[in-house]
Structures are given as structure tokens and as C-alpha cells.
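Naming follows writing order (A, B and C), and every chain is counted from residue 1.
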Amino acid sequence: MSDHSTNVNQTLSVAVAGNAVLEWTDDGWLGRLRRNRLALVGTAGIALFLSVGLFAPLIEPYPWSQFDLAHRLSGPTLRHVFGTDQFGRDILSRTIYGARVSMLVALAATAIGTVGGVLIGAAAGFFGGWIDELSMRTMDIILAFPQIVLAIAVAALLGPSLINVIWIVGLLMVPQFARVTRGSVIGVMNLEYITATRTIGQSEVMIVVRHILPNIAGPLIVLASLAIPGAIITEAALSFLGAGVQLPEPSWGNLLSGGNAYLLQAPWLSIFPGLAITLAVLSFNLLGDGLRDALDVAGGPA
Amino acid sequence: MWTYAARRMLLVVPVLLGLSILVFLLIHLAPGDPVTVQLGIHATAETAARLRSSLGLNAPLPVQYALWLNRVVRLDLGTSLYAHAPVAELIAQRFPTTLALTVASILLSLVIGVPLGVVSATRRDGIIDNVGRLFSIIDVSIPVFWLGFLLILAFAIGIPVFPPGGSVSEYGPIALVLPSVTLGASFAGIVVRFTRAAMLEVLGEDYIRTAQAKGLSTFAVNYSHALGNSLIPLVTVVGLQVGVLLSGAVLTETVFSLPGLGLLMVGAVAARDYPMVLGTVLFVAVLVVLVNLAVDLLYGVLDPRVRYE
Amino acid sequence: MVSLQGGEPLLTVRDLAVDMRQRHGVVHAVRGLSYSLDKGEAMGIAGESGSGKTISSLALLGLLPAGISRVVRGSILFAGRDIVGMQDTELRALRGGRISMVFQNPLSSLNPVMTIGRQLTEAIRLHLELSADEACGRAIEMLELVGIPDPERRLSDYPHHFSGGMRQRVMIAMALSCRPDLIVADEPTTALDVTIQAQVLDLLNRLRHELGMAVILISHDLGVVADTTDRIAIMYAGRIVETGPTRQVLGAPRHPYTIGLLRSIPSLDGLRRRELAAIEGAPPDLSVDITGCPFRDRCAWAIQECAEIDPPLEPVAPRHTVACWVKPAETVEAT
């Protein structure tokens, strides 16, 4: 029986001037997600960028490294839809290839972050004690560094390359995942512990494993969908600063830095790759927001 | 209140230590031996030998750390390979520009973001709310360095008012305008989000209903009661984003060739100037921790519940 | 309803109906509520959660949550003016000035970052148009009235410096500060310790007699209502099912629901050894239209007519009305 008084308390005090109310039917999170138009737009965008990345060699009109000195620095034309750079390389092709790089880094780095974070977080939550203290303090220290600053430093030390970028971005994501996992594990532990103490040692682990996964799936999915765009931007920033993917291999970031010198003459060198980053990140953000609303999970910035 | 402050300050110490350990370990990540890292391959044999002994490279790692930490605390962050000057000095030179940029950007983002967030919350699901949320999510998606380019294209070229790049000493404070606008506008999206969320949460509280029951006008309820309660968590949350802002500052300085700490660091990376890179990283990290501490203490002052404990 | 004191009643609620939009549909929270209140009279409204008592009281101040609730029909006449559909500016003049409300949870009903003094003087200056100093003086008066020691110093304290009971006293002080004609107290003691409960109720009672205000006291606890009210109305499923002088209704209830409520109050008199009788079943779903009496599924006396036609309020004694076809006259031992 719905308790009107608490509902009233929750919604009463919004000093609002007339507004619409969602007519909610309880068809679960997927239904809610499907009705969120912006989230659907985001999903479409993600699908677009993923396929572009996947099929890059098949889609690009020209090989990204191919020079066309006759048409250097030409603006958008039918021949070169996004224009060409100072070597006559087709910007569209390079942007498409850049999509591949960005998607690869974002997904691989997020995978590293998730796996690492879940392992550390689960261990911290499950074992508690000094393992918990030590790992969480370490996570705090990593989080204390401004991300890009730390990433640049490590990249400088290890030498910039695609693999290194993936590792760096991935490791930077571990603390967030560790925290969330640890929180969920502790939450579950408090629930199940009472029954778990009555069972044999082995069953305890099984119960925890069988019950943790469904519980953390929600917040982790939301976190992942919001971490991926961060990874895209971090990689782009690193490449932009020269600490990431190195020219001539195109990444959206280094395309932007490459366009810096020709900003006045050939702005399209900078406009299109930046637009690509924005749209890709926006797509993931829209979906991530939608997921968070649909799953009713309090995600948000740490 | 003082116990609160003392507690917070004590907690900072282990974090600072942890930071220093991390940076120290990073030094040992670099290829080559630490002497080459610190002095470069062109160092003379004497300097190398001197450094080798002062670093105590034959000693176990913890001892090396202690020696290094000892120098760091005396503000000796090594010497820049590239500029042949003490790192600490160079940082001190460049820092004011970055500081000015960051502060101006925060102010701008608050001026844009807070009103938008407040109106968004008080007229929930209205036009301004939808615009605000759309603005927020798009703003968060635009990389700050691209935004910088766009603004340069628009202003410095289309309407030549602000210089497309260069230092304060060259152009005067006007050189800070476009970079601050870039970084500030980029951060505004997050501010809108936080403000809206904080306001909505406060507006759902019981005491807002009490205020309404007293017959106060909507304006008084929203601004006097609700906003007052929202500003406290808002200020602290924004303060905690300093790390994000500094990262943004690095990128913005690069776009506008603004000679601040960020550009210094980027140049050092390109030149493999390891002492400079690490010195800057350590400085920035310590700065972030100290700002977080300041924010914590500020919270203690602003919230009467803590103030009078 | 006839007012015995000559002249118009202070408050007349006539056939009030309020709908609320919830997650799963529209709920008819109040389904035709009527009562009237004279100056200086104290009326209790009792019922379980979900009976509509809180919503109806919010309607009195025009504080129904905008966008998810609306008054479907009916009127609320206060001193001759209808609150339903009143303009905001007029409503705000009434709120705090002529009708005040005391809410349920004193721990969260005060703004934590504002001094008590500021929160008190805010309303005073708004409604009584006093200067800052005068308003302060009045605030101190009010704090004294509700029994807060050292009131002058306390003005600059923050809510967290006060205990729960004291905070509720402050809320009462705030509600009284502009000499309203009517105070609506919604579960004012639920969140408090039993001993503090008694104190606060005592206070309300005393002040009511001293200042001659009308009081509507809402509670799910019959004990709270018993000693402090002249009249009582029992609400169930959005309507009043029984109403009359408090002693009469509680001493000789005629509605099965009231009888059930009284039976479920444990008696401290160990000699009886009576079983605690809970009322079986659950309140009806208010999102669907109800034919017949809403209590029939849980009623031991239900007859055929109960399923078909909703009983109206009919008198069983002077000023004692009941909405029931059967009106059983079971005696319940006085508690």
C-alpha cells in the first residue's frame, strides 16, 4: 500500500511552476531506456563510430598515409570530403582511421580498468583489513593526481606509443572501478554474512561470487559507459600533446595538433577531427546518462 | 571546529608521503639509469659522479628515497636538462600564469553555470531546464583543446580582438581572456550539473516545505533557503575538481601558447627533460592535495553544523 | 454541519476531492471530505497512513505538490474565501499569518544553516510588518511561551543545538508567532519520545486555550487525539467515516473501523487478558473507483447493501454521525 505521506514529503517541496510528469509503467530498466530518446540517439552514434572503427580499412576513400601533393591543403571538395592536409593526405580517411584508434584505446583501456578495478575492489571488500587499507590508499593517491598530468609524465617516461597509451589510460581508470566494486562487495557482504556464517567456508565464497555479480553489474555498467568517453578524451589529449599516438599514424588528438600550424589557412584540419571526438564522446555520454537514469543508480563524479 | 581542522590536516600527511613515493618510483621507470635521467647523456663525468654519490645509488631504495625526499623538502627539484636552470625556479616563474588562468576560469564557469543550474532546478522540466541539461551534456563532450581552436578561429581571426596566442608579458592581461573563456566555458557544463543536482536535493527537504508553509514567496524560498544550503556542497565539490581544471589548463595553455606551467610541462615531455617533468608532476599533485585540504577546511567554516562542534 | 456557536464557522470543507499522480497511475487520495470547524475549536483527524488525512491538510494551505496533485472538486472556505483556486499571493498571506502548520519531523523541518532567530523573525516580519528589533522581541516572547529557557541567547543558535522535543517547540513557536486563527498539526509528536510527546501535547492544549486558536490535530494514534480535542473525525480511504465529540466517538464508536481501531489498542490492565485484535485485510486500492463501502472487505458486519452503495454520514446521536449501513453498537471498554 503506497504510503502517501512519504511520497508527499518527497515531492512536495519542489517550488515549481507547473510541469509535466512522466506516466510511468513499470516495465523495467530496458523499457525506460528505450523510451529515452536521447539515449537512443547516443546508442546510434556509438554503433556508428564502432562500425567505422571496425571497418575503417574498407570505408576509407583513400589510404590514410597516401600523399596527394597536387591537392595539398585543399578545403572540403567532392574529391576530399573533409579536405586535405599539408601532404595532401585525405582528412576523412585519417579521421576514419582515427576512429579505429580511439575506439580501440577506449575499449581496451576500459577493459583493463574494469578487470583491474574489480579484482582490487573485490579483494579489498572481501578480505578487508590491511589489504583494504593499502589498496584503497593507493587508489586515493592515484586519484589525487590530475589525470592528464600523471598520464603525460608516465608517457614521457615510458615513451609514447599506442600500447603505452592503452596501459596508461587503463590503469588510470582502475581506482574508480575499484571503489565502486569495493562498495558493492561490502554491501553484499553485510547482507549475506549472516547466512554465510552458518555455512561451510567454501560455500561462503560461492555465495559471495554468485551474489556479487548481479549486484555490481548495474553500477559497473553505468561507470563503464561513462568511463569510455573519458578514455577517448584522455587518449586524444595525450596524442594532442605528443605523448600518445605518434604521427604519421593518425589519432584524433594528433590530427588536431597537426592542424595547429595551419589553423589560419586550413581550419578544416582541426574542425573535423575535433567534431568527431565531440560526437563520439557525446554518444557515449548520452547512453551512459540514459543507463544511469534507467537503472536508478547513483553514479556521478567521484 | 579545531578538532575538525586538525584531523583534516593530519590526514593530508600520509597522502603527501604516498604521492612522493609514487613520483619517486616514476623516476625509476625512466629508461636508463637515474643519473642519466637527472643529468642527461651529455653530463660530465664529475657531475655524474657527484650526483651518483649524492643519490647514494648503491644504497638500498628506501635510503635513496629518503635522500631524494630530503632534497625535495628543501625545494630542490633538480635541474632542467633543457633549460639548465633549477626546476623549482622555472616552476615558480611559470606558475602565476597558470594560477591566473585557473582562477579566472573557475569564476567564469561559476558565473555561467550556477544561475543556469539554479533556474534549471527551480523550473524543473521547463524550457531552461532542458536547455541547461542539453548544454551540460554537450559541453562535457567538447574537448577543451578543440574549443580553444574554435574560439581562436572565431575571435582572433574572424573578429580580430584577442591575440591567438602569446604571453601576458607580451600582450598584457588580455592574453588571458580567450584561454580563460575556453577553460571556463568547458568547465561550466559540470558546474551546471552539480548545481542542479544540489538544488534539487535541497528542494526536496522538509525545511523547504516549512518555509513555504510560513508564506514566504517562491523567490525567498528558492534563493534564501534553498540556494544557501546548496552553495556549501557546491563550493566544496567545485574545489575538489581542481585536478580536472589543472589538466584542462595544461591543454589550454598548449593551444594558446600561454607560457604557464602546463606549457612548461609539455615542452619538457617533448624534450625528454625528465627532472622537469617529474618536478612539475610532483608540484601539481601536492598543489591539488593542498587545495583539497583548503576546501575541506572551508567546508568546516561554512557549515554551521561543523563550525560549532 | 451546524455550528453551535452562532455565526459562521471558521473553516468549512465541502466535498473535497484530491487526485494524485503516482508511478502506477492516478490515486484518488481524498474522495469527498466534508467538515467544519469553529473558532477556537479543536478537532482531531485520525486514520491510518494512506487515509488521506495529510493530503487534506496540505490542501488547507494550498501546499499540494504542484504537477502531481490537483483538487478535483469541492471547496475549502476559510473566513469566507475559498482556498481552492486561490491566487498565490493571497495564499501566501494566509500561510503562516492566519493558518499555520506544524509538521511531523522536527529534526528535518528546520533549515540547518539558518539561525532559529532568523527563521522565526522571517515569518513575523512578513506577516506582521514589524521592524527587525520588534520582530526579535516577539520571537523571544514566543520562545518563552513554548517554554524554551534563555530565549534571547537561543535566537542565535542553529537547529542542531536543540533536541528533537525542543525543535518541535520551536516549530510550534514559529507557527504561533503571527497569531493565526487556525493551527494544523500533522503528527506533531510521532517523531518524539513518549515523555516529550506528553509535554508537547500539553503545550499545544494550553496555548490553544490561552490564545483561543482553532486546532486541527492529525494523528494515526488515537491516544494522542483523545485528550486534546473537542471533536474527532475518523478518516478511511479518503473520507470521513465517523465524526462527533471525542469522548462520545471513542467511548461509544458506531463504525466498524473505529471499533476495530479501538480494539487494537493494547490495554495496560492485565486483568482483561484480551487478545490484541488487528483489523484483517488491507486498505483498498485508491487508484480504482470503489463501489459501495470501502471498508466492506474487512468488516465483520457487512451486509448486501455495503457492497452496492456507499453509505453517507448519518446521525446516531446529536452531533455524532457515522457512515455505515449497520452502525453496530458494540461497547468497547474505555481505555
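Things worth noting here:
Keep this in mind: a contact is a pair of C-beta atoms (placed from the backbone, for glycine too) under 8 Å apart; a residue touches a chain by one contact, two chains touch by 3 or more.
Source: prediction; values computed, not measured.
Set against one another, A-B and B-C show the most C-beta pairs in contact at A-B. The greatest centre-to-centre gap from chain B, using C-alpha centroids, is found for C. Distance from the chain B centre to the chain C centre is 53 Å, each centre being the mean of its Cα atoms. Annotation: 21 Å between the Cα-based centres of chain A and chain B.
Contacts with at least two other chains are made by residues 11-12, 14, 16-17, 19-20 of chain A. For chain C, residues that reach two or more other chains under the stated contact definition are 63.
For chain B, the set of residues that touch two or more other chains comprises 205-206, 209, 212, 218. Against chain A, the residues of chain B that register as touching in their complex are 14-15, 18-19, 22, 26, 29-31, 122-126, 137-138, 140-143, 145-146, 149-150, 152-153, 157, 164, 190, 197, 200, 203-206, 208-209, 212, 218, 221-222, 226, 237, 241-244, 246-247, 250-251, 254-255, 265-266, 268-270, 272, 274, 277-278, 280-281, 284-285, 288-289, 292.
Within the complex, the chain C residues that touch chain B are 61, 63, 88, 91-97, 100-101, 103, 105, 108-114, 122-123, 126-127, 158, 160-161, 171, 174. By the touch criterion stated above, chain A contacts chain B in their complex at residues 9-17, 19-20, 137-138, 140-142, 144-150, 152-159, 229, 233, 236-237, 240-243, 256, 259-260, 263-264, 267, 270-271, 274-275, 277-279, 281-282, 285-286, 289, 300-301.
Note for the complex: chain B touches chain C at residues 205-207, 209-218, 220, 225, 228-229, 232, 303-305, 308.
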